[in-house]
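Following are the structures in question.
Same chain, two partners: subunit A is paired with subunit B first, then with subunit C.
This part shows the complex of A and B:
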């Protein structure tokens, strides 16, 4: 049970980082990305190859030979950062191709295309990341003998999640965040107000790609292996479904989405009746998620935690004018605005109570 | 070398015939409803499986089974439009919401197919016949039938759009739905007919693809969809002749590239062409006007 909770905490936090990133793209700015998980994968691969050094002697030659580029052995925080940067660079490339005065649905196609290209190239070009076999035997970031690994990783991933949440919070509540929401609702309005829509879109796409890369690096620390089978198009779809059901546009909704929808559902499918064969569980789960997504979009598009729960504008403490309603039988002094900031109260009315 | 090149072009023509069927069906619906149907590829596969079930299960002649399967797929498309997509359009959903809905449908259909038919590969019980030479090209009778059916259907669709009253109504709705509605065109009906045609073409394209690749897998349509997108964007969205030319370019280019590179890179080539074109000429090769935002 404890191990299950630890597992949930790590995977949930890592997924939450992805969803916070995806929320910045889709929920806040309205940029659609059907291959978010590709950026996660690129982060994972780059983190792995920059920290795992040369392959162990067993895997250096022979049929099990593991081959990959770079083979650096950097400390893990730097490797993680490189993973994030690599995903951000891919994101920059994608968004630069797609936002050149194109229809909004072109971005969707370009993301699908890029996901497909990256998947096929990695799967077939063995020299790059060991092809379909994938990377394995990736060193863990803490000494297992002295520290319970999961706890250390929980700490790292929760802190990084908190940082991402904070970044997302600051972006959302800044004036730039307001521009992003205008872009989501209507790009023409944003353009009319003289905002550089493409620049905003590029910046958001790159920031959230960076988050995807970071989460990929964390994931590779946790599972210790990575291969093309880990980033099929289905994964990106699950992320979108979790975000929409959790609460599109609200980063707390992204949190709900990752812990409840993705992790909770994986556990729930274990409760399916035994009469269903094991091979049918995956498709049934996928169909349920698909139906749930469409029903949510139709009947509760704001998700479980609607965006309106975020209060974008904090009321500023400005001395308020006195009530403008003329009070009968009050003397003139009673209607003078109270400079101290409290509303003027008619003394007569107070006495009457 | 030259013989190999001509063989490559020959394969490319068959591939182009398949892509063109899919591209025209998808592009027609896109031009009328103005959003992309990301479930199209998986629905192609569904149609191909329908035909497989009718042909193999009910022992119906293959061509009749193809027709029945295509009609069944057309009905599925219309039902999807009426019960899933139209309510979203009526409630004024944004395009990107509709895209997510269609990708949700794609996810559901794909997994339904896996649930019913499994992940294994099937083959139709038809003989494609022995290959023979026509000039420098090499074809099987199956290839020729694909090319003929594709050409015939595309020609028929073009004639329908150009000369029938319904076809004109369809083009009018594509051009300006509000104006079409106020001119007395029943746009709901037109949109449903568009979906039906799109479904019909999807099923035929799915069957042709399964014959071309000589096996039928649940993911065949999803992978082909990406190639179809390339053809559509290349030709300019909403242009039937453009989609046809885009299909020719993509089909021949991928077939020739497949002779040099492993076939796994087929779709990669298609996308490399696509991205190159998006960078150089985002409105497509043949589009004259700016695309709307």
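This part shows the complex of A and C:
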């Protein structure tokens, strides 16, 4: 039970960082990225190769020889930062290529292509990250036994998750966040009112890619290995599904998506009867999430925690001063009977409907 | 009045003091001088050398039958379409072909023929998004410098509240824009446009699909908006609305300008009667 909870807490907080990043990208700004997990993978690989040093003697030569670039032995916080920066640089490259066309479907197709390219390069260029064999024996960031080490990683992950949540919260509740939501709703309107759509899209894509890279680094700290099998396209699909079910556009919904949908469900599959083989557990989880996604899209598209629960920055109404009046001839305001409201749809009734 | 617009030198560039004889309106400086503007969608010529001037500080109506090229011209003025020929002088500066963002920063704001509100954003946010020069739109300050943008944000909220009250949408300020009726959407588009403190407001059929009493309110508000520093170019079909609101009328047909003048003058024009008015 303790192991179950520790596992849930570590993996939940790491995937929550991913989903907070994905929420900024997709939920808030409307940028569709079908290969978000590729950025997680880049962060994982780069964190690993900048901290694990040279291969152990047993893996230095011979048929089991482990090959990878850099082979640095940097302290883990620096390695983690490099992992985040590497993913952010890939994100910058992708978004610079894709954002020239403002249509979100164009970006989505570019991300699919990038995912295939990165996967195949890493899988086949053995000298980069040891190809299909992947990296293993990635050292722990603290010399502790299993359970204290999990607690240590929980502490690190939760701190980083809190930072990501804070950044996401500050962005969402600022005028910049308002622009991101305008871009999500209608890029033509955003441009018509002078917003630099491309710049905002680039910044958000880079920030969320950085978060993906950080979460990838944390993952290799926990699992101690990484290979192309860890970032199949299904993983990106599961992230998007978890975000939609949790509450697209709401960073608290991202937490629900992570802890309850992704990791909670994965842990619950442990309760499956022994007659079901271990290899079937992953597909069963994916099927459950897929069915959940369909049901939510049909019956509750706003997710468990809808974006509407987030209250944008709204200070108390300050008594108006005459000097603030922006409209010429404002003295006539109020002379016209209130007829605008007579055609209004009752908001409560509309919501209920 | 217009902090953002005043910071743009082009607004006060050459031609700002030149005047044009607008007939019964007298000699007025044009805010917009459209010269021989042409545009075609593939093989269809939507604008075929449209030429006219928009007087400063007045409401100019742009009328004509369906397919006359009015909305295409609005798109061209607002930067949505690049004309194949011609010039559009805004206070003496050619703005033809500039992107939407730049046109907006010069002080030209438009509304849309089919309203384009942001359905999931609140009514208040729909208005606030259009304010120029928002400090908090800098991503760095958004994350780390709330103290730098919050005072401005409070002022903007106050101004947006004023506009919403003025357009009788105040009680809906916190509702998502999707719950508004058709007429209220038109009003909200006007509020959003005014929030940017435009010098030229381009309204594309602001009275379309609106019941008469609300249309009268929109018309009255448009009259109140106009001042020495705010001009309006308005596309409309409804002649009673045009007569209520417009100082000057330009009639288009088949991508060209048939005539321009005060409504009584254009009504007397035989080609206008044949092409549009039908009497």
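The working rule: the second predicted complex is superposed on the first by the 296 of 353 C-alpha atoms of A that agree within 3 Å, B and C clash if a C-alpha of one lies under 4 Å from a C-alpha of the other, contacts with A are read in each partner's own complex, and residues count from 1 in each chain.
As a working rule, a residue touches a chain if its C-beta (ideal position, glycine included) is under 8 Å from a C-beta of that chain, and two chains touch if they have at least 3 such contacts.
Computed from a predicted model, the values in this text were never measured in an experiment.
**Q** Between subunit B (first) and subunit C (second), which does A:178 come into contact with in this model arrangement: first, second, both, or neither?
**A** second
**Q** Please indicate which partner A:206 is in contact with in the superposed arrangement: first for subunit B, second for subunit C, both, or neither.
**A** neither
**Q** Classify the contacts of A:194 with the two partner chains as first (subunit B alone), second (subunit C alone), both, or neither.
**A** A:194 sits against subunit C, while subunit B stays out of touch.
**Q** In the overlay, answer first, second, both or neither for which of subunit B and subunit C A:160 touches.
**A** Neither: A:160 stays clear of subunit B and subunit C.
**Q** Is A:48 in contact with subunit B, with subunit C, with both, or with neither (first, second, both, neither)?
**A** After superposing on A, A:48 lies clear of both subunit B and subunit C.
**Q** Does subunit B (first) or subunit C (second) touch A:308, or do both, or does neither?
**A** Only subunit C is touched by A:308; subunit B is not.
**Q** Which partner chains sit in contact with A:88 here, subunit B, subunit C, both or neither? Use first/second/both/neither.
**A** In the superposed model, A:88 contacts neither subunit B nor subunit C.
**Q** Common interface residues of subunit A with subunit B and subunit C?
**A** In the superposed arrangement, which is not itself an observed complex, subunit A uses residues 188 for both subunit B and subunit C.
**Q** In the complex formed with subunit A, which residues of subunit B make contact?
**A** 35-36, 38, 84, 87-88, 91, 93-97, 99-101, 103-105, 107-108, 110-112, 114-115, 118, 222-223, 226, 229-230, 233, 237, 262, 264-265, 267-268, 271-272, 274-275, 278-279, 282, 291-293
**Q** Looking at the complex, which residues from subunit C come into contact with subunit A?
**A** Listed in rising order, the residues are 1, 78, 80, 99-101, 104-105, 109-110, 116, 118-122, 124-125, 128-130, 132, 134-139, 141-144, 146, 149-150, 153-155, 157-159, 161-163, 165-169, 171-172, 174-176, 178-184, 187, 192, 194-197, 211, 213-214, 217, 220, 224-227, 230.
**Q** Can you tell me which positions in subunit A touch subunit C when the two form their complex?
**A** Touch list, subunit A to subunit C: 167, 170-171, 174-179, 181-182, 185-186, 188-189, 191-196, 200, 203, 307-308, 312-315, 317-318, 320-321, 324-330, 332-333, 336, 338-341, 343-345, 347, 350-351.
**Q** Could you pull out which subunit A residues touch subunit B in their complex?
**A** For subunit A paired with subunit B, touching residues are 26, 30, 32, 34, 97-98, 100-106, 108-110, 112-114, 116-117, 120-121, 123-124, 187-188, 233-234, 237, 240-241, 244, 279-280, 282-284, 286-287, 289-291, 293-294, 297-298, 301.
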